[in-house]
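This is the structure I have questions about; it appears just below.
Per-chain numbering from 1; labels A, B and C assigned in written order.
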Amino acid sequence: MTSIPHLTLVLGGARSGKSRHAEALIEALPPPWTYVATAQAWDDEMRVRIAEHRARRSGDWLTLDAPLQLPAAIRSVTAGPILVDCLTLWLTNLMLAEQDVAAAGRDLIEACAQASGPVMLVTNEVGLGIVPDNALARRFRDEAGRLHQAVAARACRVVFMVAGLPMQVK
Amino acid sequence: MTSIPHLTLVLGGARSGKSRHAEALIEALPPPWTYVATAQAWDDEMRVRIAEHRARRSGDWLTLDAPLQLPAAIRSVTAGPILVDCLTLWLTNLMLAEQDVAAAGRDLIEACAQASGPVMLVTNEVGLGIVPDNALARRFRDEAGRLHQAVAARACRVVFMVAGLPMQVK
Amino acid sequence: MTSIPHLTLVLGGARSGKSRHAEALIEALPPPWTYVATAQAWDDEMRVRIAEHRARRSGDWLTLDAPLQLPAAIRSVTAGPILVDCLTLWLTNLMLAEQDVAAAGRDLIEACAQASGPVMLVTNEVGLGIVPDNALARRFRDEAGRLHQAVAARACRVVFMVAGLPMQVK
């Protein structure tokens, strides 16, 4: 398996500064910058989070919404670096829509390999707590772990965020 | 934002050796050593934990209790290094008392900047598991993450503990 | 405390690639390779996981089942490297059987020190999420943290897995 030279995976816990770090990596490159949002505003809590993220980004960012069609959204970008925020919400959406998660993951990696510019994938590490009581949560963290491994194996850079600071894993 | 040269943040999971590591860092310095405890003995489980920590420290330690007034406690120390154990319990106490957490965080950092000696802040990383079901737990891990980022941005040393061993983050 | 030159601890979250990494470390050494399984097939979910792990290993592996008698299983191996998968399930079994966890941990470390070949211990980090509601889960993560610290203090190599990639802790 060859690595994808322009692919970065930014993992971290809740409020560990993942998005901010990935935004800074992108803003160090020439625009246009594309933000691919996978969040869906189901409730007020989510609406607030989305608005906060949007407010932080300058007007130089283009925003694409891709709650499910993430690989297609990446393929639609013809120039400049891409920030995907985040894989965990995309995975949630795929599971709620009962889609084939493994196939979607392979398609995502292929879309990243074909991208014309750098791609930064932001995602939540969710597997370091006590085994969850409910089976769906256990399946979710298994699927997330598999997706992270598959992406990390092909990425040229993997970063684990701790308290807003990046630790280089690869 | 300038970094605070004598400020260290020691993060880690439950029973990852955070307190022990911070104690060792302090005991390598000349006394007097001040231990600022934020724990409140609400129940027997907590009383046992507090007693265990106390028993481990030698008689050379001074102990201050500061369940809420942590910045004031730090300011009251006139000489020697300070160990704060821990930020997560302080944050819990602030939230239970419905205080302004963001303002308290800024005050804490200011108190650390003004301290005459080294300050080691111990805290729990709680954001790497599955998203909690209950809204209060979600708010808690958001606030904890924000506090950790704010402190880590100013600290000159940040350590992530794994199985009792320090990984240098900064 | 002297370190045990042939002892490796591989920690990580759910689906972080711990077993796969430990297997690769062992398969780089000459056979015979012994896999010591601590899992008990209580339910279908666990049966599937055990079958997946078994299917991945080649026919060159010997398998020992040791849900409780892990130190004895290690002592019974007379040649070649040993993979123990995993300490967290062993700890679960010890706690369900109401055994002395601290004594069992000391016995495990002694058995590793006496082993004729390299020993790789795989384990789940479970202490980086929100404090669990239930007291048993809290006790479990405390015991797991203590066991990890005790083992890591004696191991010559400690690896923290992130997205299938090893971070060297020691």
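Here, a contact is a pair of C-beta atoms (placed from the backbone, for glycine too) under 8 Å apart; a residue touches a chain by one contact, two chains touch by 3 or more.
What you see is a predicted model, and the numbers here were worked out from it, not measured in a lab.
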Fewest hops from subunit B to subunit C - one hop per pair of touching chains: 1
Numbering shared by both copies at the subunit B-subunit A contact, with half separating same from different: different
Inter-copy rotation, subunit A to subunit C, in degrees (Cα atoms; steps of 5): 120
Between subunit A and subunit B, centroid-to-centroid distance (C-alpha), Å: 31
Residue numbers of subunit A (touch at least two other chains): 13, 125-130, 141, 167
Partner subunit B, residues of subunit C touching it in the complex: 9, 11, 13, 125-131, 135, 138, 141-142, 144-146, 148-149, 151-153, 158, 160, 167, 169-170
Complex interface listing, subunit A residues touching subunit B: 12-17, 45, 125-130, 132, 137, 140-141, 162-165, 167
